[in-house]
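Each chain carries a letter (A, B, C and D) given by its place in the written order, and its residues are counted from 1.
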């Protein structure tokens, strides 16, 4: 494999105008997801496919289902899967929860976008997620963060921990290094049914 | 006065491509500067003049000297001083420390830019600053931050405190609010000769 | 006046175990509140009274009503008002919204704590707030932040802006300066009825 | 293996008063280090051994040399290596650069502490590091950050990238979640001799 995963640099991915989870957040989401070589992974709201591709490279004997509704994003996912040789990516065009019907039981589910239907998406994800599986929500709005915390606090069979990640890049400018902030992203990481 | 100061909104200022200290950082710098109605203030590296203008409005019986070398920025300072009716702004075209020659003793000095000559600028500022006066350095690079801390830690007659300020705006997007980070800025605030 | 306001150092305040809004957040809340010399201010959930005291010193011809239910905190408010000579502080023991009954119309209202009744407290605050007045909510939890954003987004007569403030102190340790983070606080600042 | 690595929870490690790199920062340092199964790793200033242990579990056919001078910390490293079954940890009591003498060529070197001798430690680390190897400095002070940036910017054979990591935990308190900031840590990640 020519790329060290997780940790592919952001600029390696083919990108359009679709927002992309940045490298450090992607690393933390992937590690907290505890993906193993044969994992079945579902990435809901896959966007550019950066998380999908790295998950696929971490699970060479498994499969990653990338759920995405936006046509331009679907093209990016295909292009990135091809660029990084991730043959085990299955692209599902559509929106969750409907698009989750027919998927196999999953070891890990990422929810990166839910189009305002987080409660319904989380319910559908729960039906798909194996006991002991990991569910990771990435939130970039106050409302998604609050809703995710409420959903998982209300489920006695889930154990959740949550943290915000704020990365400040140091960009070289002449002899100096400028502090440049990335937008914060919150990760809500859950284990279904049992200790984390 | 038609604007509440400090705290003029960023979008009220006339701006070009010149970087501007954002509202919350400007508020903290101005408050930590302890400007009073008759203060003499020097703003080194005045940029768009946003700090200059608010300092001038806080010191209606005083005077604010705005030191700036960039022609486009000088125009912005003039335009902003005019827009906000800050008649007590004196613009000095040039670079510190040379441009500080001939200025009167100051109650407050801001160092927002030093063109890589922070040690020399701080020396010149010290000669200008009254005992008990306030000196505020704003740093947006690691190197300026480190150098400012070293300069003032080495002066037994200065008491310095320093803090980074990271503002995250909540930008409305439909029914949600996105977390959007501003770049962090560090404020090194000193009192010359005596307790803070 | 012996203290420059706003901007009294945290360690100047008499403190118990009551959590206290830290200096930079206090400065930003006070400045965004646009208090003038004769303002009537209400501080709901006044805690140690640090915000109350600085508001009172900014409004020497006005009055600040400090609403607080905790006995230990009430003692701290009294002690801090006395220490800083803020004779224009009126302490109201009780909980909002009930404790707001009988207060005069206010120019500025701070909501620092609402005991889980934010919607009712905001309603009562709205009845007290003069047109053009400022209402500032400080939120240290995801839920309060989300709820405050929802409440004010739903009121067409309020204009709100919101931002998180993360302060990183630089604490001297030998020849070095450690980065030490304060907890982030979110400020939701509103103007009632009209442009900000 | 009973623990998923990287990503062991902080509370799983045996800890004394020795400061410990927190989980998310540890994950990012380990991933950016690109450790493989047979890597030789050197952890300079190993502290509690949390990074050492996770590196050792990531390199079961390799070896991790933990350099540490503090007696209490050495005990913690031993205890943690035993707890997590990391038999491939070699503990070296002493201080860098002296303690690095006699170590084998390394694929990855972490510099977590250098006792004020960062330039000398980086020189010794460079002699140990294989071409293409990874060197990761974690900095918690302004001065270490500035010095690390200067050292690697001055080496044409190193490619460095740097970023600050600020984690905000969401701690459940009743029905709410408090924002609680961890101190920021800066990671300077370098590749020796060649593209990253």
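One rule holds for everything that comes next: contacts are C-beta pairs under 8 Å (C-beta built on N, C-alpha and C of every residue); 3 or more make two chains touch, one makes a residue touch a chain.
Computed from a prediction, not measured in an experiment: that's the story for all the values here.
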Chain whose Cα centroid lies at the greatest distance from that of subunit A: B
Chain centre separation (subunit C, subunit D; CA means) in Å: 42
Length of the line joining the C-alpha centres of subunit A and subunit D, rounded to whole Å: 26
Contacts with 2+ other chains: residues of subunit D: 142-143, 149, 166, 168, 170, 175, 177, 179, 184, 186
Category of the chain touch graph - line, ring, star, complete, other: complete
Subunit D to subunit B touching residues, read off their complex: 142-143, 145-146, 149, 166
Subunit D-touching residues of subunit C, taken from the complex the two chains share: 116, 140-144, 166, 168, 170, 173, 175-186
Residue ranges of subunit B touching subunit C (in the complex, touch as defined): 4, 6-7, 9, 24, 27-28, 31-32, 34, 149, 153, 162-170, 172, 175, 177, 179, 184, 186, 196
